[in-house]
Every structure is written in C-alpha cells, then in structure tokens.
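For reference, the structures are reproduced in the following blocks.
Both of the next two complexes hold chain A, though its partner changes from chain B to chain C.
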Partner chain A sequence: MAPRHQLSRDPAAAWAPYAPDAARPWTLARASHLYRRAAFGARAEDLVRALAGGPEQAVAELLAPPGDLTAFDRARDADETAACRSGRSDAVRDWWLRRMILSPHPLRERMALLWHAHFALDAAQVKEAPAVRRHVALLREHALGSYRSLVEAMVRDPALLASLGAAASRRGQPAEGLARALLERWTVGAEHCAEEDVREAARAFTGTFVRGDEVIHVAREHDGGVKRVLGRTGPFTGEDVVQIALAHPATAETVVRRLWRAFVSEVEEPAPALLAPLARSFAAGLDLGRLAGTILRSSLFFSDAARGQRITSPVELAVGLVRSLEGLIATSTLARDLDRLGQRLLHPPTARGWAGGPAWIDRVTLLRRQALAAALLAEGGAYGGRLDPREVAARHGHADVNAAADFLADLLLPEGGEAVRSAARAELSRGAPGEALRRFAIAIARSPEYQLS
Partner chain B sequence: MIPTRREFLEVALGATGALSFGAAQPGWLRRLPGRAAPGAGETALVVVQLSGGNDGLNTVVPYGDDEYGRHRPTLRLAERELHKIDDHLGFHPRLGGIAALYRDGLASIVQGVGYAGSDRDHGPALRAWHTADPAPGRETGWLGRVADAAQGPEHDDTPVMFVGPIAAPFALNATRAVVPAIGSLAELAVDAAPARPAEGGAEGAERSLLAHVRRTERAAQALSEAVARARDARSRVEYPSGPFAADLFTVARLIRAGAGIRIFCTELGGEGFGGFDNHANQLGNHCALLQQLSAAVSAFLRDLEAAGLLDRVLLMTFSEFGRTLAENGRRGTGHGAAAPVLLAGGRLRGGLLGVHPSLTDLDQGAPRPHTDFRRVYATVLEGWLGLPSEPVLGGSFAPLPAFAG
Partner chain C sequence: MLCELLLVAGPLLRAPLAAPPAADDLTDWLPADPLLVIEAPRPRALFEPLLDAELAAVVTSLPPWQAWAASPEGREFWNVVRTLEATLGLDWRTALARLAGGGAVLAVAPPESLLLVLEAEDADLLLRLHTILLGFARAEAAREGDASRLDPVRHGDVEVWSFDGKEVHAIVGNRLLFANRREGLVAALERRAASPGARLAGAEGWRAARATAGPDAAVRLYADLARLKENPGFARGLEEGRANPLAALLFAGIVEAMREASWLSAGLAVADEGFVLRAVVDGAADDPASPAAFARPDPADAPALPSLAVPGRLAAIGLHRDLHGFYAAKDELFPERTSSLIFFENMMGIFFTGRDLTDEVLAETRPGVRLVVAEQRHDPAAGVPEVRIPAFAAVLALRDAGEFGEVIEEAWQKALGLVNFTRGQDALPGLILDRGEQNGTKLTIARFSTAGIDDRAHLPPRFNYSPTLALPQNHLVLSSTEGLARDLVDALARGAGAGPEAGDQDDRVELDGAGIGAALAANREALVRSNMIDEGHTREEAELEIGALLALIGFVDEVDLRVGRRGATTGARLDVHLRRPAAPAPAGPRDAAPR
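Coming up: the complex of A and B.
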C-alpha cells in the first residue's frame, strides 16, 4: 500500500540496530511505537524508563523484564487452575485477557497471542477446560523461546490434537489434520509441500492417541513403513517428520513472515531478499526471542516504513487502552465485546487464525470499536468506570485539566494526532474535570489514528 | 485493458477461494458507503436458526395421517386447534401469525428438508447445516464464504451480520472477512466525533491504512445517523416482548435504515443444546418457542409491509434436524432427520413446496428427507440474492420454484 521505504531495499541497513542521531532522535513517538507493537500499549512509567534508558535497553527489558516474574506467574497459574474447575473454557479466555492486562512481561503475552493465531486452537473442539488452559500455558512458556520446542510441544498437546481432529490416528486410518497443519501452516508452508507429503507425514504420526489429558503412543497402531516426506525417505515417526520440517529452509521464512506481519507491516509484502538475513540467522537456532529482538531493535522497525502499518486487532486495542490507563476491568464482559468485533479468543474463525489487517475495520466494526472505547472509559455502564483518565494523570503529577489532557494525549497518541488532539480539546470546555477528561480520552481512543499501530 | 470487477475479484481471491460472481450482477455487494438508502431496492435475507432440533411434525402437523396421532399419545395436537392448511396438514395452534402470513401468500413451507444419512448428534448436524457440507472438516460457513467473496481489494463493508445475544453461529465463519455481531441498535448509534479540521490532500484516493480508516469513519458516521433515525421512526406494528422479537426489530430497523447489510443471521432457542431439544415434557416448551417465533416473524413482516419494504425481505428458518415420529415415554421426542423450512417474505409464490414426508417409511424412527437442504440455500442465494450458488455450496444444487414469477 505505502510506497516502499528506502530501507526496505537495503537489508543490511534495515536490520542494523537503530542508533538515535540528530536526524532520527529517540523520541516519545518512537518509544510509544515500540510499546504499542510489542506490549499492547505503553504505561507512563514505561515511556519514562524507555526515554531515559534508550532503545537498546527498552527492547532488552521487553524481552526480559527486570525483577522476579515467578510470584506473578505462580499467582496467576493458581487462579487459572481454580477457574478451570468450573469446566468452561470461557474462564480460560477471561483469565488470559486479565493476564495480558496485568502482566509485567507483556511481550510474552503478545507473542502467546500471535502463536494462538498461528496454531489456531478451537476450544469448541476440546471438552476439558484444563486442557485449554494448558495449551495457552504452553504458548506462553515457549513464546520467546525455541520454535523447535514450541512445535514439539504443540504436536503432543492433547487440546490441539483434539482441535485438529487428530485425537486418534490409526495405522489403517491416519488422521491428516496434524500433518497438514504442521507442513502447510507451521513449517514449510503450502507452497513447499504437496498432498503426497501430507499423506506420508500423516502415516508417520499414526499410533498417536489422546487419552484423557495426555497423548500416548500405541505401537501396534503405528505404521512403521518407509515414508517419503519433503524429499527425505525413511521409516519415519512423527518426531522425525517434525525435525525434517523444522530443518527445511522454508520454515524459517514462514516464522519470519509471521513476525514481520506482527511487528513491521501488514500491508507491505516484504521482498524475499529483505527477509533473507533474518531467516538465515533464525534457521541456525530457531530462537524466537533473538528474532523478535532483532526486529524490534532494527532501524527498519523505528523508521517510517513500519509506522502506521498495522490495524490493531480488537484484543490489542482494548488491552492496550486498559494497560495504558493502569486499570483492570471485567474481562468476561470485554471478551464478549471482542467477540462481537470479530475476535473470539480461543475460537478463531478458521485454522488459519484471524486474517487481520484492513478487514478488521468496516463501518459496523468501526462503530463498535468506538462504542467499546467509550464504554471502557465511561464513568458508569458495563465497565463500571474503573478506568479513570483524570486519576492516572494526577498520579503522574498532572492535576490541572489542560496538563492532564496533554499527558493523556502523549500517553495514548504521541504522534500523527495533532488534529485529533486539538479537536478533542473541545471536550475540555464543559463539565467537571473528571468527566471532561473521560470525554477527551474517548475522543482520542475512537479516532482513526488510534486504530492503527 | 482495464480489468473488470470480476477479474479483480478473481485476482484478489487467488487460489484460496476462486469464488467469482456471474457477470449479471458484478458488484452487487460492493455498495459504496453512504449510497445505500431506503428505496434503493436491495434485497435482504434473514436466516433464523432454531437451535436444538425443531419438531417439524408438531410445527406443520400431518393431522390427517393416522400414524401421527397413533405415535403421539400425549404430544398429538387436536385437529380442531390447528390452523388448517389443507385436509391433511395444519399449523401448530401457536403459529397463528405465521398461518395468517401463509394465507396472505407471504409464507411458504418447504417440506421434508434434510440430507441423506443425516447426523443425529447436535454438533455434527449443526456443523453440516452451517458449512453446507455433511462431510466433516469444512473450515468456513456458507454465509462466511459469501462474506469472503464480497471482500474486494479495497476492503469493502462486510454485508453479513449476526444479530443476537449468543456467540455467532459457525455459518458465519470466514477466512478473510470479519463478520460483526450486534446485540442491539444502541451499539451502532455512536455520537459523532468532535469536529476536526479537514485532513489535507487527496486522501480519498490515498491507499494507506489511515486513509482506509478515515474513509470508513465518515461512512460509519452516516450509518450511525441513519440507524438512529430508523430507531426513532414510529412503527405502527407492536413487537412482542422477548429477545428474539427484539432481534428481528433490530433487523427491521437496519433494513429501514438502508444499512447495506444483505444477510442477517439470528437465532431462537439459545446456547447449549438449544431450547428446541425437548426430550421430555416437550409440549409446553415447544408451545412457548413457536409462539415467540410466530409472533415475532409476523410483527417483523407486518412492520416491513407498513414501511413498504415487504418486497425487499426474505426470512428463512432452519434447524439441525427434525424429531422422531414416536414420542419417547417422557412426553418428549428423539433426534430425527427431515423437517420443514419456513420461508416468509413479499415475493414468494406461497403455498407448500414438496410433499409431506411419509410417516410409514421412516429412517430410525424419523421422517426421511426428500429435499437436500442445499437446494434451499441455492434457492435463497440465486433466487433472492442473485448470486451463483455453486461456488458457495461447492456443488450444483437445483433451486426450488419458491418465488413469484
């Protein structure tokens, strides 16, 4: 869509770490861009720290937040495990949204969300809520780790196998769902494998069964014969096929493209030459944290080529707004609203997840996004007025209405929003300050500019 | 050469869908925002899901068949209470509103609808109706595929919407399009944004994401105002209370507002197995649901009739299966196969389509379907929306002669 940026034509310069200089200073706008893409949205303290510490440190802290996460994780795990006893996977969804809002490691949740779209578990096909919880926990555990470990965990995850219709794969009746997903979507991609590869790979996975909450291997149901998969021949098992697929050069490109769409642009198709250096280094260790770090640190990421190149998904939009305003809202209510915007968490529309991009926005969904922003920030109503823009501004030392408005505008939309900001000021002239600042924040959050990241 | 709309679509859809519309109505779904207005002449389809497996035999009742009364000692409906269609069939006593529509030629009944070897479990049976494919594994819904096909290269508005309190049915699952859901009109009546100075330049032609959202915002505001006007417009027709009637009220208002939505999906019966799944004490439950259905559908059509829009709307019902002929000893019925489909609207031929299925030649205790449900889908896609049905249904199904000539 956008004209191709100069950096897009020079891979070495594009992926070199961004180093602020006079022409491209380290600004609030750049720090905010980083947090909107990698952490749903920025909190005031994030921006203060980032501006003081510089981009390198900001990215490093997103990848590995300082401090001890185990207490947070342990408390959430306990809450979620208890909530699952009700037997409804809706509870898993609600608690996950809560974690996205509260997590001291937002990039990990952002990546887990990306992997959810990638592996596309449909909880409707999974009977047990605890199995759905464990699936999300696996996405989180491996979110920034090794893609090899992530895929290995996925192919033996009971919930995902049930979702793929691969809960029982017999020698005489191989289930193709897992093999197809592995080859066509998670590794080499449909253009690098044939129907024959899928069929042969499915034979390698025979003998795999979901029994209760575990995946078991039944030797007599395994087809031990010779298979030919992606040009290799042997008496492969499912594990062999996973390793063959992961070692294929196209797999690295599949993953790099995923992260390109999440972090750089949904609208520009990257030239293969631009992705080649990333794919090459990723192929060496399949290290997701390293790949994400390279992209987030890069000159390209902080250039105009990457800004305003994505439509925020409904989940990112709402979680980002709530994070920025340092509040917590009823996530069961939020999940329902997100569902109506077209993003029903744990129930992606197809096994390809959500297509995303410009399709998120049409007349009806835009009105609904605007209504959601207004509801989240309203004094009462469905969300109970638990986000309070005035209070957040005061907490950060901006008690005066006008200063508070500037603070909120800087927090939510520090760039490209001059017209939005000045129009929103009209809201400040009437009503009590608390109410006026709510309307001001709504005017920003519902603007076209805020739908982009 | 300038590509035609059809070529454009084919390129845009590429290898994924390969859906293409006939040249007769090349851009039917690509209404420009703001252009839609009452009187613009667009047809709308309203698909109503009756969740749980509606008892077709106590909906369109074969009272003239001795087998009916013989197998239903407690559930049989008395002949004198029925709204008679002919000397063999009559509508359930609570379907008075629909019976009146039928007499006025505003409703038709397609009899014996289902599919060969139909599934008797709710999940797979519902999935078959939603995907338009009895074989498992189909990833998208039939209405979702229509929404996908309508996604042009410029990200046009999705002309499909779910209206109701529950999660949208799988029929609306799409690969590319985002199919929105609303619970009430209030969700679309959003106050205008604070006035902003005009954003500079030839933004109308600009192809950036921001330009896309800004263009959409202007159209969205126009829609919101139209919805607010329609919401406040007086109606001479009183809708009954209850969530289903409220949903049809919402649909009627969106049609009156010229919202450009071509396909609405709504639901009666609720989540879980659905209210129509009456394995015990069916009589009272079923009465209450049919009462809601009839009163709401009747109010909906009379409302649109008063607004002069009757010829623009077609409503169809479906349920995942019918029920067994014999009751089960608990004053309920089991999962069955064939069931009738109701069509209601202004341009129907009226009357019955097809014969009532036999009550002696049963499949596991239930009437056998003689009309594949995809023929009903083909009827509404081709005959009502003007779309070739084959790319949506993945096969050729003959439309039924449902519409007036």
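Coming up: the complex of A and C.
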C-alpha cells in the first residue's frame, strides 16, 4: 500500500475502496483498526466475521448491522424513558454509556457521540432529563442519515435551544446563540460568515420560544423584515436560513472535515484538494451514511500510516475495552471516571465540544487513563471484577493461559505492540491463571500503544 | 472425587479423643485483654429458625434462593452437604445443632489475632467431621506432593493442626479451638493452666459489660472502646459527626457518650416472633456545659413525644432535641462557617424578615422533634408519579402558636414564592398556592398542576410533592404532601399514638417493615433500573438482586429502636418483630433446592 503522503496527493486513489492484495492483505490488524475507529472496539466474533467476509462486507455490516435492531432499541428506549421520568439527573448519561457498550449498531452510537461533540449540548442548561434524552435520541436517529434532517431537528430541539441560550428570541431582542452555532459551527464555518450574517440570521429566528418540552413559534415576535444572510436577501424565516446555510458549499467541507477528524486524523490537516471529492459528493445529498461508508472503505483509511496514530477519547477507550471483553459494567461509576479523564458526557467544556486529539492526554490524564484501565480489569473494586479476560478467552476456546494471552493480545492490540506483549507476558508467571490474565490485560490496556487507535 | 476422599477418610473416623478440657467457661480460653468478644452461650436459640422446616420452605421458595440453588456454585455446595450428610448419617440441621449447640466464643485481640472456641454437644461428631475434612486436605496436599504439611504438631497433650498453613486448630475434648495464628492458639492452650487473673473473667470492664447484656441473651458482644478509640480510623469516625450539622443534630448524645465510654456491651435475645438487641456504653455525656447539651433538654420543659399514628405510616422518629439550644451552640459545634450555612442563614433572614434565627425564631419552639414518613395515596384519576416517593413531615411543638403562627405562615409563603420564581427562571412549572382546612385547622398548600399532561400514569417526580404547612394544637406541621399534613392534623387532634411514660426521654425510631416493603415494591422497576446502571447488571441479574432485597424486607414486621440514658450509662434497645410470609404451594420437585 502506498504511504499516506502519496495517497494525500492523489485524492482519487485515496478515496478509492481498499481492495486487499498480496501487498496489502486483509489482516487482523486492519480489521481491528476498522472496529476501533468506527465501533469503539472489536469483539472476537466481529474480527472473525470481518476476516472471513472481507473489508467491504465488514463496513457494510457496520453501516447496517444484520439482526433485529428494533427490539434492542425498543427495550433500551423504554428503560431510558422511564429512568428519565424518575428524576435521576444523570440518567441519560449513564444509560447512553450502557447503550454504547451493548448496541448491536456501534457505528450509530459512535456517530451519535460525534454529533454530540459537534452540536455540544450542555445538559446543565437543560433542567429536564427527558428533554436531554430526546436530544440524544435525535442524534442517534439521524446519525447516519441526512445531515439536512439532522440540522433541521437540532434547530427545533428544545433542549439544544435552552443550552444555546435561545429559549426565547423576541423581535426586540433576537437571541444570537442558535444563529451563531448554525453558521459558525454546524454549517459554513466562521471563516465563511461575518458577524453581520449572524445578526441577520438571528433576526430570522425571532419568534422562537421553548415552552415546556416543545418549541413554539409566536408570529408577533417574529421579525418579518428583509435580511441579508450569506449573500442572499429576503424576508427569511429560521427555516429559510437553515436551507441557505446547508446549500452553501462550505457546509459540505465542514462536515467532511468533522468525519476526517473522527475516522482518519485529528492532528493532520488535510489539503482542500484531498477532501474536495468527498465534499462534492456529500453536497449532492448530505447523506452521512454514504460519506462515512466512503471514508471507512477507502484505501487512505486502511493505509499503514493511518493506523494506530489517533488518540482515543476516554469514552472510546473505556467503552472499547468493555465491548472487546464482552462485559457489562456500572456505567454510573464509569461516567464519573470519564469526567476525571476530561470527557464529561453531555457537559462539553465549550460550545465547540471537546478539543480532542492530543488534548486528551497530559501527564495527569495519562495516569488516570491507566488507573481506569486497571480498575475496569481488577478482580474487585469499583467495577466489581465484571470484566473477566480469562472467561472471555475460554469462551472463544482458549483455556490455556498462554493461548488465552495470545488471544487477548490479538483482540486488544493486534499490531504495533510487540514490546508491550512481551512485557505483559511477565505477568503470566505468577498467581492463579485468572489473576495472571487480568494482570496481562491490564498491562496491555495501560500501555501507551493502547491509548491509540 | 468427594466420595473417594470420604472412603479414604473412613478408617480415620474412629480416632481417639484428645484430653478433656480443664476450663469450664469458654471465655476462660480467651486472652485477658481482647478488643472484641462475641459469645453465643445459647446458640440453639439462633439455630431454631434454621431448624424450622416451615420457614425453610418459605426461604427456599424465594426466586433468589432458587436461582442460587440452580447455579453451578449452589449445586456444588449442596452436593458437598449431601455427601457429608451421607457420610455422617445425619441431616445438616441436626449436625449443625450438635456441633455448635454447646456454645461458642470469638475474640479479636491486637495485633490481628483471632481465636474461636466452639463447644460441640456431640464430641464424637466433631471428631468425625474433622477427620473427613482432614482427609480432603491430605488428598489435596498429596496431589501437590506435600502430604507431610498436614502432620499435626503436638503441644503437650494436644495435637495442633493446620489445613492450609495459615489457620491453626485443635480439638480438646468436645471443644474446637481455631485461630489465625499459631501463637494465639498455643497461648489459649496454656491459658488453661494460668491463674484466673490472667483470664478475661478477671477484667473489670468485661464483668461490668457482661452484666448489662441481659441473662436471656443468645449472643453477647463486648468491645473495649478505650482501646478501639486508639485506632485512628475509629476515632476519626467519632469526630466526623461534629462536621455535619444534620449528623450532629441526629446523633447528639450518642456520639458524646461513645467518646466518654470505655466499653460497649450488646446482647441479642431471640424471641418467638423476632429478636431484641440491647446495647450499652458506660458513658452518659451529662455535662450541662457541653455543646451537645441540647440533646438533653430539661424534662420540665420537654414534652413527651408520643408517636403519631397516621394511615400508611412507614416510620416515626421522635428526638428529644432543643433546636434553640442546638443553634445557639452552632459556633462550638461547627466552628467552620461553610458557604451552605451562610446561605441558610441568609435565606432564613429573608423568610423571617430579619428576625434572629436563634433567639426570635427557634426559641419559639419547645424541645422535641417528631418526623413521620408515610405511604402516599395517589388517585389514578388525578395522576400517579413514575417513581413513588413516600410523604414525610416534621412536627414541632410551639410555645405560643397564636403569637408566632403568622410569622411562620409568612415565612412559608415567601419560601414558596422563591421556589416558584426560581423554577420560572428555568422555564419549569411552578406550584399553585392554595388554602385548605382540616379539623378546624387552616392549611397552606402548594401543588403542581397536571393541566396539559396526557400521560397521568407516569407523572414526573415533582408530583410526589404538595408541600403543606399547618399549625394545629399549638404545633407546627411541615409536610411534603397535603395528605400527610391532613392526617397529622387529625392525629394531633386525637392526641393519637401510644404515649411514652412521663419523663421518658428516650429518642425513638419506629419502622413498619410491611409498609416499607410495599413502598419499595411499588418502585420495583425504578430500583431494578438503578441497579442495572449502578452495578452493571443485566436486567435479569438486577431483578434477582432487588427481589432478594424485597424478600428480606418481607420478613421484617416492625422495628422499634429506643436510645437514651440509663443512669450512668447510655443504652439502646432494638426490638425487631419478624413475620413469616406464607409459603407458596409446592411447584413440583426442585432438584437443586435443599430439603
């Protein structure tokens, strides 16, 4: 496979679907890379199926998993709805983490998490948990659908309007929060709009009020005058401004860059020419599933240089580890631990979400990430030893300690970790097999290499 | 495998008994200076429930028990039990009674030394069981190539054994001595010949404490508090009560008595329908200059606190606390002025129009605080909350409600107005203020409206509250719901409740097990969901765990705790009345369940 820098100069080759050959075989490392980036992490059965079916089928199954998703969603929706009605303020956060761990459609949850960072709802500004739950449900519903539908849902979402300080926008005092977020962050970007565009767009959204759990339009509070937004002039409403912003060519590039950062690299700034084919294609229908599929199938995504160099977010790290080890843990405890790692779900630090990338790790958070990995895999403690590496290995036919260690290493760190594997093996020489394999898995999960995907 | 081991062990079953004990009282084996001693002089009283076939039928019919019994661990456990039963020729209940029916004592002494002495009614049975277990251990050691580690070490005429190299034990006559350290066991054996002064019976604190435990106690506990308080963690626990105003208010008198005390004694007596636990410490905390003196108000000024009987009552608490004295001592009780305390005082200043909280507000109350928790009655037509929170209320006696009543009314309405204003800022529904009347008493009621809510079967949690104020019979009633406020007005008008004897200054907590169980059962789904995310359980696991909790509570009928001074000591008495849920009809054979 050509190095990425060569692919970066050849957009057509970069985004062409990866086709395995002798020089670029479909390996465990590549299959694992796909699942860690797009599905938090791989379970053993995912890897077995992916290796047998090839990359095209693996991506297709991530985009549209087989099986009855409706039954899963119905059961989770019922629990989450009831939990929110019980008044427990952190219910949405705790149940969302649980859904990430259990979901048969992990890419959808991964994308919902991406859109959460993009739209950056702050639940502290929303007093009712059911409204926050509905917001997350909207992110999930549109996660892989039409970006147009997603943005249209967001500008009518009472929770997000409250979070943006746009719960009451009067003709005499337009609330700018929604207009600014729409133009500067969700669509064209700050470099393509001026302060005047934001002010004019805010006028278009006047008359919008949040009342209870609905958004209402009060006609007499709407400014029906002529506005000039992104070079277009007219007596626009908020809906008009949304369509104008979505139709702007820069919007497609904003979204493509978002997915580039999520799936390819958070540190490398791609040349506009490299993204241009994706942006052109995306602009035609604003189809998020198609865009995600194109990136995940691409030669660039599976290139050697793209693998193992993206720092996983705390949520990806923990959920990935739990999914890989086929466990289920106390997500209320996990949520509090993730907060200490800098990712307080539903409470992003700024209106731009989380900085991500290298900002996830400093000396303190690295130690805390390692401590969390150890706590998740410990025999007792806060997580009660509910992740059991030995049991998972045995379930997949690896009862012998050494075979189980190989299985776990392949599952968690299939490439780039020879030194880590070797060092971790020292843990196998003492204690009962169950304890030894826990220490082995902890040594891998604590390693710098495991912090990357 | 187990059966093979039993065959191997068989010839050993007739080994000779060791020398008979020289000591008569089990505590004569214990060191003279233990930190903690637990005695079971009448263990049969504890075994009775286990020996009761009817109760066993109830327990084994519970879903959590059946799930455990059907699990691999449960099956393995009962297989071992049945094999032992077959080998010994006894069912496990009889064997247990004969093995431990003579009594038992357990002592903990520093540093980390533990000694258990158990007296069997059937010395031969004890020896046979030991021989069987020794056979298991020998077979295991032989597999590991270290059979000699099971050879006993002789100490005088007694053989001292260790199965795993850590614990040590010996059989002396019909007594089993078990220790976690060899030197502890050897010391116990040597203590038989020691002078009485070197035994626990010679310790003055022990004698005094033992006398308070009650002659009918099936289990007695003694703790050397003077030495336990040398432990930094224990001492810190006693001090922590000072920092928290609520804890200081609730546990005043008890914590001070514990600080003064040198020992704690407790006795557990088992009755037909429950048990009684008595605990005493030799501290009374009777210094009138103490900041905690508010917990010992002048009996002449402190009315008795009859428990208030209201429909669906779950809990009633009566505390002899002088709130005026409590707040007057706040600078000594809480030297650190936290932001919460400052906020509280600022708000009280607003509500009471600048009156001094200590001398112009709390001084208007008489010593004594009663708290009541009761089941809520929701009208389905009006709406039922998704999570049903019981109603709760505080009742205070006032010196002169006529003079002070309107001051309280005004403060209450200001507080409700502030709540409404704050909720309005957050675009949340506010409370509708209303007036009502009950038994000639005016009520100030606040409630949420259900207007515009279609799904009234799953209302939000706020519908558990309709905060209400009433001033009946020279009392202040502050309730979380209108219904409980009305019931309390009626109760106070009746002078309801079994009144304590005159001068009774005990603090009292009464719980209704059936009611609490019903309240939890009404929220079973919410508890299951919380368990799922707090424990990481699947729904099935969570349902099992919550089911076990509810089943356990189902055995408790009533709980009555009284705490107060007993002369120069401070004592507590806990009466727990148990009930026996009806056993379900047999549902066919259950292979894994015990007989």
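The definition used in the following text is that the second predicted complex is superposed on the first by the 447 of 453 C-alpha atoms of A that agree within 3 Å, B and C clash if a C-alpha of one lies under 4 Å from a C-alpha of the other, contacts with A are read in each partner's own complex, and residues count from 1 in each chain.
Please note the rule applied: contacts are C-beta pairs under 8 Å (C-beta built on N, C-alpha and C of every residue); 3 or more make two chains touch, one makes a residue touch a chain.
The structure displayed is predicted, hence computed values, not measured ones.
Student: In the superposition on chain A, see if there is space for chain B and chain C together, and answer fit or clash.
Tutor: Result for chain B and chain C: clash.
Student: I'd like to know which partner A:Val210 touches here: chain B for first, chain C for second, both or neither.
Tutor: second
Student: Under the stated touch criterion, which partner chain does A:Ala445 make contact with: chain B (first), chain C (second), both, or neither?
Tutor: Neither partner.
Student: Between chain B and chain C, whom does A:Arg340 touch in the aligned arrangement: first, second, both, or neither?
Tutor: Touch partner of A:Arg340: chain B, not chain C.
Student: Which partner, once the models are overlaid, touches more of chain A's residues, chain C or chain B?
Tutor: B
Student: Looking at the overlay, what does A:Ala82 touch: chain B (first), chain C (second), both, or neither?
Tutor: A:Ala82: touches chain C, not chain B.
Student: So, does A:Thr350 touch the first partner chain B, the second partner chain C, both, or neither?
Tutor: A:Thr350 contacts chain B only, not chain C.
Student: Which partner does A:Glu427 reach: the first (chain B), the second (chain C), both, or neither?
Tutor: After superposition on chain A, A:Glu427 lies in contact with chain B alone.
Student: For A:Ala167 in the superposed arrangement: first (chain B), second (chain C), both or neither?
Tutor: second
Student: Flag for me the stretch of chain B that overlaps chain C after superposition; candidates: 163-171, 199-207, 271-279 or 307-315.
Tutor: For chain B, the listed stretch overlapping chain C after superposition is 271-279.
Student: Taking the two structures together, which residues of chain A meet both chain B and chain C?
Tutor: Shared contact residues on chain A: none.
Student: In their complex, what parts of chain C are in touch with chain A?
Tutor: Residue list for chain C touching chain A: 386-387, 426-429, 452, 458, 460-462, 525-526, 529-530, 532-538.
Student: Once bound in the complex, which stretches of chain A touch chain C?
Tutor: 79, 82-83, 85-88, 91, 94-95, 98, 127-128, 162, 167, 210-212, 327-333, 383-384, 386
Student: Which chain B residues qualify as touching chain A in the complex?
Tutor: Residues in contact with chain A: 33, 136-137, 139-140, 144, 151, 155-158, 161, 167-168, 173-183, 187-188, 190, 193-197, 199, 207-210, 212-214, 216-217, 219-220, 223-224, 260-261.
Student: Which part of chain A faces chain B closely enough to touch in the complex?
Tutor: Touching chain B from chain A are residues 1-2, 165, 177, 266-267, 308-311, 339-342, 344, 347, 349-352, 354-355, 358-368, 370-371, 374, 416, 419-420, 422-424, 426-427, 443, 446-449, 451-452.
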